[in-house]
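Pasting the structures here.
The two complexes that follow have chain A in common; it is paired with chain B in the first and with chain C in the second.
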Partner chain A sequence: MNMHAQPQRTLAETALIDAFGERLSLLPGDGAVMVKRDDAIEAIKHGLPTRRVESWHYTDLRRLLTKVPAFEAGAVVKALAPVLEGSAVMPVLNGVSNAKLPEIEGVTVQRLSEKLTDGSVAPGLDPYGDDDAIGALNTAFVADGYFVDIADGAVLEKPVELQNLQAGGQSHVRLLARVGAGAKAIVVERQAGEASEDGEALVSSVSQLVVGDGAEVTWLIVQEQPDTATHLAQFKAHIGKDAKLTLFVMNAGGRLVRQEVVVRTTGEGADFKLRGINLLAGETHTDTTMVLDHAVPHTTSTEVIRNVVTGKARGVFQGRINVHQYAQKTNAKMACNTLLLSDDGEFSTKPELEIFADDVVCGHGATVTEIDHNHLFYLMARGIDEKSARGLLVKAFVAEVIEELDDEALVEALEERLDGWFSTHG
Partner chain B sequence: MLEIKNLHARIVDDGTEIIRGLNLTVKAGEVAAIMGPNGSGKSTLSYILAGREDYEVTEGDILYNGQSILEMDPAERATAGIFLAFQYPMEIPGVATMEFLKVAMNEQRKARGEEPLKVPEFLKRVKEAAASLSMDMNMLKRPLNVGFSGGEKKRAEILQMKLLEPKLCVLDETDSGLDIDALKIVSDGVNALRSPDRAIVVITHYQRLLEHIVPDSVHVLYKGQVIKSGDKSLALDLEANGYAGVIGEAA
Partner chain C sequence: MPAVQETIDRVRKIDVDQYKYGFQTEIEMDKAPKGLSEDIIRLISEKKGEPDWMLEWRLGAYRRWLTLEEPTWARVHYPKIDFQDIHYYAAPKSTPGPKSLSEVDPELLKVYEKLGIPLKEQEILAGVQKPAAADEDEIGDNVYKSGRVAVDAVFDSVSVVTTFKEELAKAGVIFCSISEAIREHPELVQKYLGSVVPTSDNFYATLNSAVFTDGSFVFVPKGVRCPMELSTYFRINEKNTGQFERTLIIAEEGAYVSYLEGCTAPQRDENQLHAAVVELIALDDAEIKYSTVQNWYPGDAEGKGGIYNFVTKRGDCRGDRSKISWTQVETGSAITWKYPSCILRGDDSSGEFYSIAVSNGYQQVDSGTKMIHLGKNTSSRIISKGIAAGFSQNTYRGQVSAHRKATNARNFTNCDSLLIGDQCGAHTVPYMEAKNATAKFEHEATTSKISEDQKFYVMQRGIPEEEAIALIVNGFVKDVIQQLPMEFAVEAQKLIGISLEGSVG
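On to the complex of A and B.
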């Protein structure tokens, strides 16, 4: 966390610190976990990050987090039909996991509350850097979630869908997964909720994934929070030798959203793909921040982010690639393309490459465009009215990223989510 | 079917006048060829007929079935039955060709008060039309025109024309970029659309295309005006003697 002395605590900071005192006795965890929680709340006492903290420059959390709701949810919430048909669904409802765990061959699932109680997750509760506000908030309050262990060599026939659903109040959830060597899995991380009566929700969700040597994982984050929600999320992963991780992030909701992606290649031959779609509407603020460490030689990555900005929405993409000194032959490419559809919308892109090795290929590019008038004319000249033609082109702009996933069931399911968004915001 | 009366039009951006008092009448059932040297305004005319916003009509009128189309946007013109086969069809990444065809066909049906096509009927029509143009259905699985060769793009234009069944077809240099075999396939496709209630305007540089699509009338466009009209022999005359003679005559 930042160490700037704040002149006076904000209402939100005070509310969080008070809530910690009240909740402490209810939070699961042994001594080791409690030490981490204490450190985390200390960090919050130093103040939430402001724009003066570099990694939070475009998302001044201290200013933007104006209210912190009470802990209790506004209503009950039910598990949703999965994004991918036939998935094994594991719901966390208003911050509480389901006691009934699914039985999947090659997969062991545990409730996270148990792993907090026995202290086995304590080492994973450390922050990842100096300004890890999301990590601190989550560590202080996390009460439940799941730990999913996929055995070495297991090839999952059905996707796994982890659902984090809320109906107001606060929920702080961790989703941990280990994918064993040579295993293959598709995991959907669903982040959604219902607008609650009193209208506020604060969600922190931290996912931690270890991809074993030679394993292949496709992890899809589908975030469709209501516009009453503050959604602070983090996805952290280590990718082993010759392992592949494709992370797809779709942000299509939330009032104040920050999705951090913190990835490190830990074995030679590791490959990381980040594909992101931000669909921004209304008066919302959505920040995707990636920190990728190419920590060993011969690892590759590509990052493609596509944004559609409407209304008075603001979006941020920060992509930082660190190539370590010994990480020769790194190949990394990053692109962030934005379609700006309104005069009041805004998108900020900050690519950063920090390269300490001398034999690498790294590149980045960013564009901001409007709808191509030649394309619009072509579609209209075939009888498609202007509104539909614009809709087709906007959808095409983001659908390109989805189609790259090259899995028909995935592509169809995600395009359905897209259509859902366009039908309410188009 | 099409009456262009004393048309004057300019480029919106810089005000350059391209069409300068153009008159042309094309009747239902007629195939009219428009020829002319580079820069005479041929492509501009096709864009103006389709309703491209980059051009502004300053004088005159375009009547389609007796009604002025100047106030209609490109989509309205298309649903009314006007079709432009582009000289350079646009590549549109992310828009699936089949999806595009379905949306276009159904939008036009909707405008005519018809029910949307059921999927099997839609597929049947596309398959038949593609087969008649020797097009591989796999091509249609790709995004619209993306990675198509020049010839494939032109075939795709004719495919759309067949499926949308327009009443007034405007073909802008459909022959450019085609080899002899493709030229024959595309021409056969156009000829199959000839009918007493349909007019076809073929814009071309060369007589070559007109050997395959035999026109009823030929019009020479120069500096934004039709300077000479005749029957198909005019095209042969132009091929033999070039534009210079006709231009000299008019001047």
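On to the complex of A and C.
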């Protein structure tokens, strides 16, 4: 994790290490899983990453993670109505999955606690690098979640919604999904919670997805944590031959948020789309970090991230596209646009290209700016007051990304959430 | 370049190992023993006849250096440097301050002639000996038009000669070696040295502060437009020496100066260290244009030998409406680690960075810039063109930041990479940090190879493949070449052509 020896452990580091000792006997897992947990806590003992660790340059976790709450939740939470009407909902409440599993044709669902107990998920528990603090934290403490297996050729009529809800305390959840060859599915990953009384929550959530050859998956992450929560999340995916993955990430909450996206194309013809909107208000620190590996020839990707920064919010976007030596004919494009609306807010971005193949077309663009005065003037000249005009422009700026999704129900549901955010923060 | 294709030996065509300036010169040298200690620093300081404050300054930096660790964040790989295995001082024996060129060791002059830096010829052309009185008033305008260049030649650790000094002095411009400046103008040096790159800045800058042996000093007083291009030519000749030069350029209110540096070194199997520091200071309404054509020995075709070029360059736009412009053409060095930066402190100040980095063979380049916007209405522009061929790795690493009070900061960044062959790598790592809502930052980057269509179009007109590529590459880097002083634009174009030879196929 952190290569630099730390002089002294922070309170948070100590709390995590102590908690591990106390929780160990309660955590599910066979021998293999326990070995992974031990390795993971060793990594944390070396210290949480600081800004000297390149991938954490703008999110100094060691400094920012000041408090680690006790494990127990402050209150009971209930499953939420799904984002997309008619979805099959699978909630994880305060870190515990529901014993009653839904029955969906072509889909097998298992509780992750069972998969941990029998050790079948042990190989996937390794962090992906020595700077993977979220992976290590989650591996050490993960207790539950779901494993969703979508059979080859299955075309899901209804979306699946995985909810990870908390009301204070700590929860460490893993959501695994395998989408079989030629299958089609829409999956919503909902990350939310209620502000607990003492106002502290620590959530780590790791999603792992394997998209089979020729499959098509749309995966939506909707993060609306209360502004007291620390939310450390990771989304990892492998995309097979001629498969398509569209990942939509919406961050609209949380105090300290890091959403990592780690994607690898593993078969020729694979296509990855990332669309993200970060709506930042209050004193949030929200970091979206993507590492995309084009590992085989003839794969494509596009990433568009739109950010709105208000209040004293701090936003970060890091996006790295690695094109491996044999990944000829890669076509990758990334854009990150930010509207910085307040003088107390800040936004840092680091779009990276690492290219080892020559026959590729790669590009990235990044902008940070305020609202265009010409646009504002145009609207105000038509009798719209300044506040409404600004609101319209900001909304249009992010809605553009949503409208690109070619599913009407999806667009409507997301615009509704967008309106919800603007009505409280606009 | 294609135009000189015929003159280049056909046999060497497929070989990247054809560094033109790889010769070595036998000159009697005065060297300090290998290694670094307080005694060596005292020795350097004594050899240079420096005042006590300078020695203290060096020792302070050395003590600081002992506490620092070598940076490892750049995308370059090399075996650990043994800092005790380097001569920190090497000077041609005959150097106690030549008064004129005739006193300079003829061997030395031959070196510069071979390098195409005709010190002597220029002095004769300039007619320094007997300037006609009538002409004197016109000198300001005329010399500029005639395209003459004042040169400071640095050989290993010392400056051997500076041309056109008297003429520059008439305009009030001080152009001399930094050692001379420490002796002759201590008040200026003391005021500005280390004010942009402090002694504690980074590992290599701190090392440089402790052991720097020479470099150039330029002072352009208030309201003066420097009447000619200034230039320094660096040459590493001696074995196992490190070159640590320090350049300090000050442009007072309303002054203008254009400065160019060039560098070469002999071909050797072992690696040599070059850790320079350049500080630029621009006061109100001043403008400094700094151009570099860097052609240190890049190592042979197997990646053996070559210069480690670890350089700290920074300009401080201290005054309002000041401007600093960096232009660099990087074709040499085994490893380049270099980020010429601008601190835009004054209101309405602006910074520019134009770069071409060509890497071939096993070269590793990690270069870019930093634009730090502090003042109001500051603007910066970055144009970077990276060309990677052979087995080289070429990284652009740049930072643009706007601080809280930097209202209306404006940046435009464009970095393009061109890959020639599938064994090389091109990487782009830009950092953008905005803390002010009125900041407007734009960044765009692309990576691609030369398209078959482009190549076909040119070749169809009867131009052979290698020349076609050179032509397309020159089109690719045109934006940057245009920023170079005219005399060097041609040289730079040729250099790029030579660097890329053997990269086809």
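Criterion: the second predicted complex is superposed on the first by the 426 of 426 C-alpha atoms of A that agree within 3 Å, B and C clash if a C-alpha of one lies under 4 Å from a C-alpha of the other, contacts with A are read in each partner's own complex, and residues count from 1 in each chain.
Just so we're on the same page, contacts are C-beta pairs under 8 Å (C-beta built on N, C-alpha and C of every residue); 3 or more make two chains touch, one makes a residue touch a chain.
Because the structure is a prediction, the values reported are computed rather than measured.
Undergrad: Under the superposition described at the top, does placing chain B and chain C together on chain A give a clash or a fit?
TA: fit
Undergrad: In the superposed arrangement, does A:D39 touch chain B (first), chain C (second), both or neither?
TA: neither
Undergrad: According to the stated criteria, A:E404 is in contact with first (chain B), second (chain C), both, or neither; which is it?
TA: After superposition on chain A, A:E404 lies in contact with neither partner.
Undergrad: According to the stated criteria, A:D358 is in contact with first (chain B), second (chain C), both, or neither; which is it?
TA: A:D358: touches chain C, not chain B.
Undergrad: Where does A:D227 make contact in the superposed view: on chain B (first), on chain C (second), on both, or on neither?
TA: A:D227 sits against neither chain B nor chain C.
Undergrad: Going by the contact rule set out at the top, does A:T349 touch chain B (first), chain C (second), both, or neither?
TA: Only chain C; A:T349 stays clear of chain B.
Undergrad: Let me test your reading of the model: by the given contact rule, A:E370 touches which partner, first (chain B), second (chain C), both or neither?
TA: Only chain C is touched by A:E370; chain B is not.
Undergrad: Taking the superposition on A as described, I'd like to know which of chain B and chain C A:Q328 touches: first, second, both or neither.
TA: Second partner only, chain C.
Undergrad: What is the value, to the nearest 10 degrees, of the angle subtended at the Cα centroid of chain A by the Cα centroids of chain B and chain C?
TA: 80
Undergrad: Can you tell me whether chain B or chain C touches more residues on chain A?
TA: Of the two chains, more chain A residues are contacted by C.
Undergrad: By how many Å are the closest C-alpha atoms of chain B and chain C apart after the superposition?
TA: Minimum over all C-alpha pairs: 14 Å.
Undergrad: Share the list of chain A residues that count as touching for chain B in one structure and for chain C in the other.
TA: Touching chain B and chain C on chain A: no residues.
Undergrad: Write out the stretch or stretches of chain B touching chain A in their complex.
TA: Spelled out, the residues of chain B in touch with chain A are 50-53, 73-75, 77-79, 83-84, 86, 89-90, 92-95, 100, 103-104, 107-108, 111, 143, 160, 164.
Undergrad: Hey, which residues of chain A end up touching chain C in the complex?
TA: Of all residues in chain A, those touching chain C are 54, 57, 325, 328, 338, 340-343, 345-370.
Undergrad: Considering the complex alone, what residue numbers of chain C touch chain A?
TA: Those residues of chain C that touch chain A are 73, 404, 417, 419-449.
Undergrad: Under the stated contact criterion, what part of chain A meets chain B in this complex?
TA: 373-375, 377-386, 388-389, 392-393, 395-400, 403
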